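First the structure, in the form of structure tokens, and then the observations on it.
Chain nomenclature is as follows: A, B, C, D, E and F, assigned in order of appearance, with residue numbering initiated at 1 for each chain independently.
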Amino acid sequence: MTLIKTFVEGDEIIGFYLLKSAEAKQTNATPPKDYMDLVLADKSGEIQTKFWDASSRDKETFIAPMIVKVKGIVQIYRDKPQFKIMQIRPAADYDHQDMTDFIRSAPVQPVDLLYTIKQTVESIADKEIRSIVHACVSRVEDKLMHYPAAKSMHHAFYAGLAYHIVRMLELGEFVAKQRPFLNLDLIRAGIILHDIAKTDELTAEIGIVKEYSFTGKLLGHLSMAANWVTEAAISLGLAVDSEKVVILHHMILSHHNLGEWGSPVQPQIPEAVALHYIDQLDAKLQAVEDAVSTMPDTEEWTAPVRILENKQIYRSKGLGKST
Amino acid sequence: MTLIKTFVEGDEIIGFYLLKSAEAKQTNATPPKDYMDLVLADKSGEIQTKFWDASSRDKETFIAPMIVKVKGIVQIYRDKPQFKIMQIRPAADYDHQDMTDFIRSAPVQPVDLLYTIKQTVESIADKEIRSIVHACVSRVEDKLMHYPAAKSMHHAFYAGLAYHIVRMLELGEFVAKQRPFLNLDLIRAGIILHDIAKTDELTAEIGIVKEYSFTGKLLGHLSMAANWVTEAAISLGLAVDSEKVVILHHMILSHHNLGEWGSPVQPQIPEAVALHYIDQLDAKLQAVEDAVSTMPDTEEWTAPVRILENKQIYRSKGLGKST
Amino acid sequence: MTLIKTFVEGDEIIGFYLLKSAEAKQTNATPPKDYMDLVLADKSGEIQTKFWDASSRDKETFIAPMIVKVKGIVQIYRDKPQFKIMQIRPAADYDHQDMTDFIRSAPVQPVDLLYTIKQTVESIADKEIRSIVHACVSRVEDKLMHYPAAKSMHHAFYAGLAYHIVRMLELGEFVAKQRPFLNLDLIRAGIILHDIAKTDELTAEIGIVKEYSFTGKLLGHLSMAANWVTEAAISLGLAVDSEKVVILHHMILSHHNLGEWGSPVQPQIPEAVALHYIDQLDAKLQAVEDAVSTMPDTEEWTAPVRILENKQIYRSKGLGKST
Amino acid sequence: MTLIKTFVEGDEIIGFYLLKSAEAKQTNATPPKDYMDLVLADKSGEIQTKFWDASSRDKETFIAPMIVKVKGIVQIYRDKPQFKIMQIRPAADYDHQDMTDFIRSAPVQPVDLLYTIKQTVESIADKEIRSIVHACVSRVEDKLMHYPAAKSMHHAFYAGLAYHIVRMLELGEFVAKQRPFLNLDLIRAGIILHDIAKTDELTAEIGIVKEYSFTGKLLGHLSMAANWVTEAAISLGLAVDSEKVVILHHMILSHHNLGEWGSPVQPQIPEAVALHYIDQLDAKLQAVEDAVSTMPDTEEWTAPVRILENKQIYRSKGLGKST
Amino acid sequence: MTLIKTFVEGDEIIGFYLLKSAEAKQTNATPPKDYMDLVLADKSGEIQTKFWDASSRDKETFIAPMIVKVKGIVQIYRDKPQFKIMQIRPAADYDHQDMTDFIRSAPVQPVDLLYTIKQTVESIADKEIRSIVHACVSRVEDKLMHYPAAKSMHHAFYAGLAYHIVRMLELGEFVAKQRPFLNLDLIRAGIILHDIAKTDELTAEIGIVKEYSFTGKLLGHLSMAANWVTEAAISLGLAVDSEKVVILHHMILSHHNLGEWGSPVQPQIPEAVALHYIDQLDAKLQAVEDAVSTMPDTEEWTAPVRILENKQIYRSKGLGKST
Amino acid sequence: MTLIKTFVEGDEIIGFYLLKSAEAKQTNATPPKDYMDLVLADKSGEIQTKFWDASSRDKETFIAPMIVKVKGIVQIYRDKPQFKIMQIRPAADYDHQDMTDFIRSAPVQPVDLLYTIKQTVESIADKEIRSIVHACVSRVEDKLMHYPAAKSMHHAFYAGLAYHIVRMLELGEFVAKQRPFLNLDLIRAGIILHDIAKTDELTAEIGIVKEYSFTGKLLGHLSMAANWVTEAAISLGLAVDSEKVVILHHMILSHHNLGEWGSPVQPQIPEAVALHYIDQLDAKLQAVEDAVSTMPDTEEWTAPVRILENKQIYRSKGLGKST
């Protein structure tokens, strides 16, 4: 199967791809004609796709997400590749296609990510902190198997949230080794809890965010996760205003660092400072990696990266990576 | 008793005043000598005070807050009035002085303020909302009898918080009458809850804030009040993620309107918008009234008002208030 | 007549509507074809409308604003309702349609609003202030009968400006009762004058702003209203630098509160502070009410509201308004 | 007479100087003793001065501004020169000292500055513009003879305002020659009017600003000058909303360029753009020149310059000025 | 030849114009059809142009920039003029058209601009500064003959960069005469060097910027010019950390004044302050002049000017320029 | 020797301490008396110190930095500990005191830090990058043995700069292992070069910054380090505009990320993004560690930390660090 990332203008393509989004449209012609705007995707990237002459039946048939078999041609439209469909049909059982083969996903198996997270929870020495974190993770184990970490900013792929957590845990352990004055229990708890309520703030399927939930819009994942900690504390019989619970609340609420980024308080314990900057380091580098790894092989500059002030990133061909 | 607001340079004063703060100091002389920096206050205002030649015993005797009898002279130091003590002693039982006669306090009796607040709670039609608000008010009834609404910004006086709530409730009822599409239950609940956790965010005595509490620093009164709602909901058997609870959370969390002012989410229901602007109107006007009513009679411009961009306010003598 | 707010996809509609805007367009087809982009409106809302196959004559016939009779179908285009015209003709005399039946307008009759404003002017106790306000209102009585308060932000409907003033007057009286230290004459004068020059800053017809005037662009309604006060003072023989005139200037010029919002000075008298926050409260709540009352019955979230940080507002179906 | 700028630590100085400010103080000693904080000045700069052992009579005698004869010693206090008085007396008639010999003033005679300004007014070709500018200048001819342009920012010296205007007029003529599409009448009028109301916004004596006036605080010099233009237009029988008057208003109101710098509107005619940037160029360079010319000869860096982001300016000794 | 600036709706035009850009497009029709979006230009302005029915051969023929002969009609599309091509062919040798007749260019001959710049270099008294500036100018003499000063902001025309430099030099000489404390050598050097690396930051042809270069994106013209000075100093045997070299670096690096405008340091020598404000004055006025001189004769307001806060500029018909 | 951090009010102390700063002062008494404001320090912290009755000879004797033997008493002044000297003398040879025993310094020996840095330079695979980095390090090897990384923000101690580099190198290696698409040569080069010019931007002695240098003020360490790279490239015969040199420049210039933080360009290669966030993580955590480790044992909250939005950091006694 030709990877989308390697599509070149003029290629005639036949193959299976993920129909990631599908929208029925009408031309401005008189009378207007029906067509569909599709996005086809595979692990390597995605491509805007025009399906002219779509019938009413087509509109009912092609509902994202699904696997489709397509035949078509790669064109260039406004300097960007576009795919023009000549034939399209849904994948059938006898095609033996598996959706997870077509989506970008964390480079580590979700089951392994979840295992790491759960092991880390058990390694928390403080019994009360451990119990609270355990309770919060238990609420959303299934969603941690597939949720992305964001709509488009960074880690916007299958199991991206769990992957983000695990990478941050690695960094957290390393930093705590560099700086023994940090409390590793808090570092671990903070990292696992900081974005965990994204699983309720957003609705997502196969690693793609659909929209913000009602609660997500009105409260945001910081306050939502703080609520989960309160609920866990109460059900465990811990005082909501005990130092440990307050500190867990504080780490969650302060991890965006500034009011204009959504944190009602700023980091005021060492581990909250660590949490914010570990989060930044991992999120920004992943955004870079996402942009670099999905750009066409022929390019030297990525598309603008939104969480990096909309800057484009340059990837040297000559310099490459050192050995 | 001469009111502090009417002190004029050169006056010799004898009378009872509230010792609002007392700090032991040393001069830079060689060898340094002991003295005390005091703040004397009454209902009309306060004045910086120098107590030269304070003995070790004086330092142990004069601990704020207490009532003292003083004799001394009004001087001007760096354009501001300053009081120089010649004699000072603590008020004794036979002086029959009552501390509440000396402090600025809400122009309505605390018991009446609390009564209004509690009546308003009972008037909330929705049983679940009423129960949650009731539970939160019950936690802090005693503190509502005397807490100020802030350290210095506005309503920084005895029972200032309850007074702020009651005034906002009046405004809220009026606005809801102007705009019947607003849900009065939510308006009432939002007004009563919005600053209620200031009673735990701050420590205060006789209407004067001492400092921020541990929880106050790490969480802030918005997130603290949200926690109280969660606790109340759980103990009442209500789902934390039910629409009503989420909306109460939302109103509390959004009432500072913008991230840079401490709100992690922005108002997104009509009543939350109303709550924020009613709060602004009442707080800013009270700050003006506080500044105008405590300025010396001889002045036309108040001291800079911090929550009004540090602007001074002009009070016309000639124009006065219309009849 | 079916209200636009209740249009449902697939409905075939016949009826009279206000043609609020009409633009001649060409398709991108080869050769391009003519069509018209119309906006149809009634009191309940408005809808984007496509008029394919518009002839040259049609382009000359359909000029907004006018009443038209249309037949057509409700469609959904990019998640939003769109109306597709099949037949259209101008309303004729024998149709007995009245334009004011089709436009959103203040819920109070313009004549009553103007009466209230004029009565309030007469109730100003100070003769000089009253005369100045009287002179300014007299300049634009006719426009106060129909001008909106803004292009789109808030009160963007027939007599919206007068309605905004009257509502603010109600609030102002209430606040002045709460806080007797405020000068009610100034409150009244400030409210009536603050936006009065919008009648010259903008050009408007049937409650719809067309554009900013030359003077409006170069000076803005704050400085324009200040000029009116100067003109009135001079013609009344009052000194332009007398305290009263300066204070009226100050209230007008400072009512946007901050430089970045267009005020060259910040509020520095109590009544100017009150004016700004009363204006905010009324404008923001009206923006909410406008958004909520014109959203389709099937929605729970309004369109983004520009003066509320572009936030959408949520209107609970279940919770409704309390009784 | 030794210039203050050349004072060196340890110097014993006898001479006449301007007493620029005088403040009675008390030491913190017990009992506190009286002394005076003086500022002595001459054309070359100024110096903080301590007058220990000042008697009650001294306090009544030494009121700024006046010329005094002093004997004392130059000391260094916190890295800055300070003068310690041993003897001081007011200058007497027989001393034949003239205050204007001691103050910093524009390097051009005030009478010549005013002559240039008035000649420029007469050179304005458009009769109506000329008349308005003439009327505004006539109001304040006497003040233009001595007012500074600001409290401390730039041109804070005797006749600094007129000097600023004249320098800007030179620049304006030059720029209008470079760019003939500019209307020279408007350039001239805008430059003369832009800061003219500073003469009423501030109260000043011998080139030193005392304070902001009542009207200055409540309106600011932009709106005040706009009022003057309105008054002039009315008394000349010109329509306040005629294009010319509106444009003069616009140039004055927009000359601070941005809302956060006090302009309610932004420059929108070519000459208003020119006015703002000519003003900037002249004001910033004068601030630099003020700082450089009053710094002690031994320094390489000036004190921080407030209107240059509080940066210090470096003055090379070696590089000097080219020939 | 009819100037584009004077095109009126409905005109049928035949003539030679510069094809400034050419983009192949497809309609949304089914099947989509090919057409081209062209921009035609002459000295007076430019116009959006539709070339329907463009063949594959047309797409290969019409590559910007080139001179074409066109026949077509002026239309109005979305309130803006648009040109619809009926016939088009490339200019041939026998048409005797010269591209420089069609492009906007500096009103002074490039050779004269360059001569002025080079003469100014030679007039720098300090031998070391002169040599460094000489070396930097020598690198790019050819590009100074035609480079614009920016992509679209200001001086975006043939030889615009050299014209900007020469105009600033005129201003610089004038200001240095007004303020003799300024070092004219530094003024001259700073003006010539400040934007000189734009010749490498941007790639440009016939006065039109194509794109930012690799080095331009990664370093920017300030740091690039600083590098040139370093290179020149080294090759001339001057110490990179000598006062003169540091000061030249400083002037270049600080000329955008603030960090958010791209300067890593703020102006801290008098000549750097002068350089920034001279640059501002010239750039902003040129932006105004560009907007005014290319707007259609029928308009009173220009298009929004990006570097003037996107404000439109008003050009009075009646007032005109004074004589 | 009693550690300063453990001083308790009322303690009488005899011991050797570092005299970190010494300033001669005069009291306000009449006549004023001489005294000295000293700062005494050891590894654990520092304390404000009053030396009353200092003689002229004392002022000449006690010049910071030096080791002194003191006898005195710990007092509390304005809530902060203050030391009052009774006896003081310089340490003599026979006291066998070593200044490095008294200063805060990196927890790793400078020689080891330098060794690590130099080894890392040699491990850079790319010959040209290695040579450039080598050349830059060679310029300042001696200063790397003792320079702090900043005046007060973070790593403000002996060899703090080298320690910051080494810690960042550890993080860089770890991150490059997590994300193999990063070029480790560039990570290493960027980390070593990013702050290296601080050794010339600041003047420092025994780990304490005295002031900014002339070049430091006019250029800043980013542009200075870029110059060093240019110099190195030229002396190595490498083209200044080659991709490698441009990228090294880019990493140095962009490492403050935003214009308002001093970077003229923003990170646009993956390794520049990594560099910025690794720098942030290390600097912010070190600032926390500095604050926590030097606060008195009796406190729970540190002093405000400037680079953490001036927030105080809370250090739990009970929670401690986990095991």
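What we mean here is this: a residue touches a chain if its C-beta (ideal position, glycine included) is under 8 Å from a C-beta of that chain, and two chains touch if they have at least 3 such contacts.
A quick map from chain label to UniProt name: A, B, C, D, E, F = 3'-5' exoribonuclease YhaM.
Treat the numbers as computed from the prediction; the structure is a model and nothing was measured.
Asker: Which chains lie in contact with each of chain C and chain D?
Answerer: Output, common partners of chain C and chain D: B, E.
Asker: Give me the fewest steps it takes to get from chain E to chain F if each step has to go to a chain it touches.
Answerer: Steps on the shortest route: 1.
Asker: Among all the other chains, which ones are in touch with both chain C and chain E?
Answerer: Joint contacts, listed by label: A, D.
Asker: Taking shared residue numbers divided by all residue numbers at the interface, is the value for chain A and chain F over half (same) or under half (different)?
Answerer: Chain A and chain F contact each other through largely matching residue numbers.
Asker: Measure off the straight-line distance from the CA centroid of chain A to the CA centroid of chain D, and report it in whole Å.
Answerer: 60
Asker: Centre to centre, by mean C-alpha position, how many angstrom separate chain B and chain C?
Answerer: So the centroids are 39 Å from each other.
Asker: In angstrom, rounded to a whole number, how far apart do the mean CA points of chain B and chain D lie?
Answerer: 43
Asker: Two-or-more-chain contact residues of chain C, please, as numbers and ranges.
Answerer: Chain C, residues with two or more chain partners: 28-29, 214, 217-218, 243, 247, 258, 268-269, 312, 314.
Asker: Using the touch rule from the top of the page, what pairs of chains touch, sorted by label?
Answerer: A-B, A-C, A-E, A-F, B-C, B-D, B-F, C-D, C-E, D-E, D-F, E-F
Asker: Which residues of chain F touch chain E once you look at their complex with the stated criterion?
Answerer: Touching chain E: residues 200, 214-215, 217-220, 222-223, 226-227, 230-231, 234, 240-241, 243, 246-247, 249-250, 253, 258-265, 268-269 of chain F.
Asker: Inside the complex, what are the residues of chain B that reach chain C?
Answerer: 124-126, 167, 170-171, 174-175, 178-186, 243-244, 247, 258, 266-270, 273-274, 277-278, 280-281, 284-285, 288-289, 292-293, 308-309, 311-316, 318-323
Asker: Provide the residue numbers of chain C that touch chain E in the complex, in ascending order.
Answerer: So the residues of chain C in touch with chain E come to 26, 28-32, 214, 217-218.
Asker: Which chain E residues qualify as touching chain C in the complex?
Answerer: For chain E paired with chain C, touching residues are 27-29, 33, 35, 52-53, 77, 312, 314.
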